[in-house]
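Note that subunit A is present in both complexes that follow, paired respectively with subunit B and with subunit C.
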Partner chain A sequence: MEETHQRKKKKVASFWSWVVASIIFRLILIYFPKNLNLAARPEVSTPLTSLRRLAEGFWLKQSSMSPYAGSMYHGSPLLLSLLGPLTVKRIEGQPNHLFFSLLSVIADVCSAMLIRATGKKLQMAYSYSLKSLGLLTQLGSSEILSSGDIAALVYLWNPFTIVTCVGLSTSPIENLAVILCLFGACSRLVPLAAFGWVISTHLSLYPAILIIPVVFLLGYGPDAPPRKLFMKEKYSKNLDESPSEGLMQPKLPIGFSWRPVIYFVFWALLWSVYVLVLCSISLKQYGGLQEMFTSTYGFILTVEDLSPNIGALWYFFAEVFDFFRNFFLIVFHVNILVMILPLAIRLNHRPCFLAFVYIAISSMLKSYPSVGDSALYLGLLGLFVNQLADMQFSFFLFCGYVGVSLLSPVMHNLWIWRGTGNANFYFATATVYACLQVLLSSHYSFPVVA
Partner chain B sequence: MALLQRFIFLLLFMMTYQLLPCTGSILEEEFTEELLLKPLPDRKVLAHFHFQTKAPPSSSNGRHHHLFPKAISQLVQKFQVKEMELSFTQGRWSYERWGGFDPMPSNNAKPPGVELWAVFDVPQNQIDASWKNLTHTLSGLFCASINFLESSTTYSAPEWGFPPASRNLRYGTLPREAVCTENLTPWLKLLPCRDKSGLSALLDRPSIYRGFYHSQRLRLISTGPGLGGMAGIILEQTLTVVLQPNGRRTIVAHSGEAPVQPSWSMSSIFGRKVNGRCVLAKSSNVYLQFDRGLAKELKNHQNENKDSGTNNLASEDFWNNPGFELSVKPDGVFEEINGLHSESSSVLYKFSMEKYSESEPCDLSFKWKIPVVWSCKQAPLHATRFLMGSGNERGAIAISLKSTELTEGFLGANSVDDGCKVQVNIFQVVPWYVKVYFHSLRVSVDQQLKAPADVIEKIHVSPSKDKVSPGVMEMILKLPCTVKSASLSIDFDKGFLHIDEYPPDANQGFDIPSAVISFPKFHASLIFPKDDSLNESPMLSKFQQKNPVMSYTEVLLVPLTTPDFSMPYNVITITCTVFALYFGSLLNVLRRRVAEEERLLKSKAATKTNRLSLLLSKLSAKLRGKPWEPPSSPQPTSSFISSKLVLRVILVAGIAMVWQYYFS
Partner chain C sequence: MADGKSETPTEKETPKPKPRPILRLVIFLISQSFLVSVICCTAGVLALLLLPVLAKNTYISENALMPGSASPMISNQEVLDGNKLVEDLTNLNSKYLDGGIESQRIIAKYMSDLGAEVSYHKFHPQSNRFHPLHLFSDPDSRAQENFSCSSYGINTIGIIRAPHGDGKEAIVLATPYNSLKSDLGESFSVGIAFSVFSLLSQVTWLAKDIIWIVADSRYGEYAPVAAWLKDYHVPKFSSLSSGNVEMCHDGKNLYELKGKSITGDFRRAGTMAAALVLKVSDRTEELEDTVSIYAEASNGQMPNLDLINIVYYLAAHHRQGFRVKVERLWSLLDCSLLKVLGTIIEFVGEVARSLNPEWKFGIPATDYVEGTATLASSLYSQALGVPTGPHGAFRDYQVDAITLEFSPKFTSDMKVRHNDFFLRGGRLIEGVIRSVNNLLEKFHQSFFLYLLTSPNKFVSVGVYMIAFALVIAPLPMIAASLYISANNSNSSLKQDKSTLSPYPVADEHSNTVRSWRWLNAAKVVFIIHLWGAVVSLLPYFICQIPDLTSTTSFLIWVLLSVLSLQVLYSILASPFPHANASQPQEGDWALLKSVTISALFIGLGLMSVINFATAEIGALLLVPTCLLARPLRLDLRARSLRSFSRVICNLVLGHIAFPPAAFLVVKGVFSGFGSANVGDFWNWVESLWAWNSATYLYISMVHLPCWVLCIYILIHTC
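What follows is the complex of A and B.
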């Protein structure tokens, strides 16, 4: 007992030392001259998340013009009033956007902590359900670290996260909102979940589909083995009819509980009204909410900006014939929506995993993806490390990710800066990246679904 | 009957006769033609043709024009154009060598390609529609692609940055428009005499287009709305050419000194002579102008040679003096009235074309006797614009202003008081695919970075909207008079376009139109003494207007990244394959039930395993890194496969034979 306690202490200490190390690593990178030019990478900052564009929007607003006047800024007006002043403030002799970089470091650490807490909640629920099924094994002690810790460290030490954090983009904040939503749902803090969901939807639209896993989380509780198993267990137990085991009878996860869901809807409505009122106040003398929606959500849905990124849509819409444009826009967006319902049906017992799959799918198919989105779902993947331990293709996928993240800057350089390559080079890496994400989401969801 | 006819005729004649005087002499349409010749410091000659047609306002609805081109009057009437200027330019005016302060560069130096601006007299919401129609009309009139200015991405509505500051102004440029004779011919068609007689007969196409700079301009002002009738219109057509006289046979008079400038004559630079005036023209004059610098040099030389200081440049016998020789005696010599720069003043020689005819053509020739070196007067600050950065992702536009000798001389004297400021207006339009970050505007004065608010007095920005409108930047800078150099730079991202939006020669790059730099506190005007003969000249009265000094910067060429134009189908198919992969694999995952599958596999394995599946399973096992377990089922005989194979071979052979037979 003493030994395990000591070991646990050691583990906690090592976890925290890794967290501190990751913070120090980020700070070192921030102090590199010009942030290693990461802010200019198309993989890191998209038209939606680039801080440079936010600064432009802030400048336009300061000179009493609508921040959406040009086609520069496509983010939320709330971010503008919160982060805008940080883009202007400079300290002599310090990096240009020090305040914002520090803020994104804090956001990253917060996200990691929330992931850890979510992981703990999930693990508790999991061990509880295993216990109730009578399948309890020595869970915690045999592992090196708990899955929550692993997920948090994966999130913190993922090169994609680090690059996004240092690369002056607003993705860390968007990710934080998504994780806040999941954490709130897992720990049944309905207002927090609603807040996270509303804010993340407001910031980047795609997390709107997370409403289904959140409702499942609130209704059914966190991830558990399929309900069929519980039924089976109950059935077999009932067959025995032994009164002594009646006390040990597994508590069947109660069916769908509507009360928290209704609370969630109420809170979500409240928060969204609140956010919209704040937005309309900050945009009162300009175009109002109409302009905001057209230049944020409209910009996301119509893929207006054709500058290269790691997605596949920019090149597609740069090349596709104009009269097919609308058709393909619909097709690509429907591709996300079509998969929502089947996945929800098959994965209704694993709402957290469902959230992971949704995030992975949307980060693959979204109009302006960045590595920040991958950082989010790879971090969440860490939560399921125990269940997916013996997955096939893990090494192949790992090598694929490494290869793409090394090749994509090279191809970009060849095409844009040297002029020796052409667009197809870069597009090839984007396609490979999309394929990898498809493989990841489908292969990892396979054992969970089955 | 005949009597009746005569009577009616008489009646009509009397009516018109009586109508004419009641509306007064202003009713007459006027046409004047003028040519200004001016030697330039770098051995070139400037020729500036100025044709003006005036249609006075009339109260009648619809009317016949005697001289005024009907196309233009209809255009003005239809689109309610208040003021308009259209210029076609080839080459770039060299502000450093040919001067930047006179009315000539301020009014007539234009950016390369086509520039069009117009002020409309219609309500705000109809202006864009009028502009679109106007561009199409002009495009048809002048055989140019002015209709490209119809798209809202190419024109802008400056608020106060461009001189005729008006809310109804629209401004657009086409920097890449090639200007040639097909644009000149319709322009000449607007003249009453075309190029058949008068000064326009000098316009020999090969010699004009051989020049270093060529700018043909059409400006119209509609004067006052005619009540219920038609407005009066002043149509001003100018053609400015910088030509190189044939200077092969330069005489090096004084070794060690600069060679004598090449002598020239009308026939040597144009290849033609003036065969009298256009009979419809009210006046037809040729002027020879000496720059302030040149006049000063000549005067100095004269004073050296003849000690008697009485001899003035403007005196009558000056036309034949030690500096140069004119073949024709001028009809008048005028010296500029100059308050500010009294040490030198420009000199104008007037030659009337009235007395010449076909039998006695005018061939004004100018012969230098001594080498003269002078320089033209510069604008207060010389502006250049350039691109910074490399690669096709981002860059920066920089405008650099350098002080010229004018600032040093003229402004330096006033520099005692610190309040002295030079006002510089900058107007710049950038196309939408050059995405400018206005917050990155940096201003430095004398190589020191300044806060933009310290230098920029007023700024108006309308940011570009993708595929909708260009970015417009209007600024008023206040620079200290002692400024040596100032520079502005602004960052931009290069946009990525749809393949249809690239022009046919996409790799050539895209043009950013010239920026307009103006100095509102400096007026470029040449004021000549009040003389009846000069007052009548529209060109000189134009020179006397107090217009701000203006200059255009270079056109910038921005290379943009191009996608692969040749393979849209490949991109579509590959992307769709990725989507199919996504859809298929997820569907597969969702559809599968492991338990059932295992059962199915077992039953299948019992019945049949062929070699290919064996190999595949071996391979996949190797990939997974697990030891391969040979299937327990016995190997099926390969007789079935071989029989199938034999059948296939026979089929192919049969087809081949039939083929062979049929085609032989």
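What follows is the complex of A and C.
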């Protein structure tokens, strides 16, 4: 007993030392922003998340013009008032955007902690449901690190996360909002979950589809084996009719509970009204909410900016004939929506995993993807590391991710700077990247779905 | 997965469904990986040797160029003007010792007499210091260095505005000229350029501005052109950055130079369509007048093939009487092995032709040997990543440029031959400029990625990539088969235990750990690559120590590298907590090898995109080393002929693949083993980083770590 306690203590200590190391590593990198030049990389900062654009929007607003003038800024007006002053503040002799970089480091650490807490909640729920199925073994003691710790470390040490954190983009904050939403739903803090969902939807639109996993989380509780297993168990136990076990039989998960869901809807409405009011106040003199919607959500949905990124849409819409454009816009966006319903039906007993799959799919098909999105779903994947047994393809996928993330800057250089390549070179890496994401999400959701 | 778990026992009884055909193919390849890799590697080497046979004739792919469609207009009058300039310059050299400023003034006067806009450009030679982070940033964003006022050079630039142009495009002529100590060749090159320039100042067909830069080559030929291009493309707005050049000129000299139409302001003329660097060599051993084309820019970049095609087409088909040459490795011409190969290929070609006259793939043996020598030289200078002349500076700004080096056969005192030579050289250059002048867009039609096997034969990227792909194709296959076998052997061990263990979930858990076991190997590989990065940064600090000979620097480098390897390994290589429990397992080295091979595959794949030649040479060295690596202890235990020969191969390859050893062997083969010493390697590496060559990064971050990992596998205890 003493020994296990000690080992546990040691594990916790090593976890925290890795967290501190990751923070120090980020702080070191922050001091080389010019040399690394990450903020200019198309993989890191998209038109939606680039801090340079945010600074421009803030400057426009300071000189009493609409921040959306000139199609530079496409983010939320709230970010403008919160982060804008940070872009102007400078300390002599320090890197330009020191304050913002520090803020994104804090956001990353917060996200990691929330992932860890979510992992703990999931772990508890999982062992509880195993207990109720009578399958409990000494699962807890034999583990290396709990899945929450692993997920948090994966999130913190993922090169994608580090690059987005150092590369002056607002993705860490968007990711924080998404994770906040999931954490709130897992720990049944309805107002928090609603806040996270509203903010993340407000910032980047795509997390709106997370409402389905959140509702499941609140209604059914966290991930558990399928309900028919419980029914079977109950049935067999009834056959056995042994009184001693009947006493020990824990409560079975009950059906869908509507109360927290209604609370959630109420809170979500409240928060969204609140956010909209704040936005309209901040944009009162300019276009108002109408302008905000067209130049944020409209910008996302109509794919106006065709500058290269790691997604597939820019290339496609640069090539497509104008009169087909609307048709293909619908096709691409419906692509995400089509997958929502079947997955929701099949995975309703595993809402957190469902959220992971949704995030992976939307980061694959969204109009301006960046590596920050991959950082988010790879971090969430860590939550299921103990449950997804036998990840045969993990090594292959790992090599693929390493290869693509190194190849993409090289191809970009070949196209833009050397002039010996062309757009197809860069798009080829984007295609490979998309394939990897498809493989990852399909490979890991297959054992759950099938 | 909890849901899947209940079904696993039933699945084992039912026969496995047949996998899809593509999966079956992959499984077949992986199971036959040894045979397949031997075949692939041999085929790759053969394909490389066959490249001269597969080379295609060049053709002019851009229709707008229309080379040679107009008759040359350059006449004796221009040639006489050029000759006069040469005479003035040579007289000046004999008269003044410090003729530096004077000769520039003469050139400027000649230019402005033609009605050109003339300006001077003052520059400081960039010291080629190694800065590690510069390799990653683009040239524009580099920080300004501090200059001393004592050393600077002056470029003279003349611009002719095109009568039909809008000033948005330009063609550049560059002639390196050392005003302090000029030889006749440099004067001649200025003379030829002036003849062309004076013609172009009169013609009406010009649509692009002509810039003629007489680059002050007292600090080397590359530096002045690079400095001028940098100022041309990166306008300086703040006085801080530009000030230090202009501020410290000693008032008298430069102002004396300035006349009515001559300024020290920086003048520009549109984007550059192409650039020609002219040189005349003093060597007269040639039997006929020749033009040598130098095209390799930094990191193996080549100008568009069309530019070379024009020169070849004009020189060969329009009877200017020049023989066009590209560089070749002379020592390969006497190589008897190549001659034998060439004869075999010729014979095979003849046999094939006798069977079916349609098959024409054989080439004469001499052609084959020459093509191979040219190809080898082309590969070598691309692999070095060091530009072969001032044209390299243009490529950094996406301007296609080549150096044309004329070698006349006359001795310098024959006046009549001078005029003839000037006339023909001038015609060639005029023709090239006229073609480029016709261009409507940038050069884009023809190839950028190619290797030359002779001035009119090339191997395009689609062909030479096959050779490379064949060499590296075994890597992923072997990696996959090793990974699978390591996992399977492990699981079979576990199987026996799991029958005893009453807890299915514990087995499940060990299953999870097993499938993540490669992480340990990946960590080792990562640490070694991290060490490679550290090694690549060390010279930066070693350079700070003053007064070191190259040999001691090299030794310090090696010492620090070994030390840092020790430190890194002891800090970071503590295995993950769960690995303590399980003893070092049988499959460990196989997993390590699998991860190493994957890392090598990624590294070589990346390098082949950045610089093909480096990747090809590196692959020829490293792929066999990595594929054959196997713990020596295992082989010695086996005591069979096969394992013994493998040990020998491993030992030989393990020695050769070490970069300094490989360098010394190559150097020894080409210039005798007596002269080779380890200091040379340091000097060579120094030249690589001075030119920001990606080959340096490749050697220290891909090649060296993979070699260390191979050695690690060889001495692995199991």
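The definition used in the following text is that the second predicted complex is superposed on the first by the 446 of 450 C-alpha atoms of A that agree within 3 Å, B and C clash if a C-alpha of one lies under 4 Å from a C-alpha of the other, contacts with A are read in each partner's own complex, and residues count from 1 in each chain.
The working rule: a residue touches a chain if its C-beta (ideal position, glycine included) is under 8 Å from a C-beta of that chain, and two chains touch if they have at least 3 such contacts.
Model, not experiment: these values are computed from the prediction.
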{"item": "Partner chain in contact with A:P342 - subunit B first, subunit C second, else both or neither", "value": "first"}
{"item": "A:T420 touches, of subunit B and subunit C: first, second, both or neither?", "value": "second"}
{"item": "First, second, both or neither for A:F317, with subunit B first and subunit C second", "value": "first"}
{"item": "Touched partner set for A:L406, first subunit B, second subunit C, both or neither", "value": "second"}
{"item": "Per-residue contact with subunit A, leading partner among subunit C and subunit B", "value": "B"}
{"item": "Subunit B/subunit C common contact set on subunit A", "value": "392, 417, 419, 450"}
{"item": "Contact footprint of subunit B on subunit A as seen in their complex", "value": "40, 52, 55-56, 58-60, 63, 65, 69-72, 304-308, 312-322, 331-332, 335, 338-339, 342-343, 346, 361, 364-365, 392, 415-417, 419, 422-424, 427, 431, 434-435, 438-439, 441-443, 445-446, 449-450"}
{"item": "Parts of subunit A lying in touch with subunit C, wherever the complex brings them together", "value": "11, 14, 32, 34-37, 130, 135, 137-139, 142-144, 225-226, 229, 385-392, 394-396, 398-399, 402-403, 406-407, 410-411, 414, 417-420, 447-448, 450"}
{"item": "Partner subunit A, residues of subunit B touching it in the complex", "value": "390-394, 432, 435, 437-439, 459, 461-467, 471, 493, 495-500, 561-564, 567-568, 571-572, 574-575, 578-579, 581-583, 585-590, 592-594, 624"}
{"item": "Contact footprint of subunit A on subunit C as seen in their complex", "value": "1-6, 133, 136-138, 141, 301, 395, 398, 448-449, 480, 483, 487, 503-506, 508-509, 511-513, 515-516, 518, 522, 576-578, 594-595, 598, 601-602, 605-606, 609-610"}
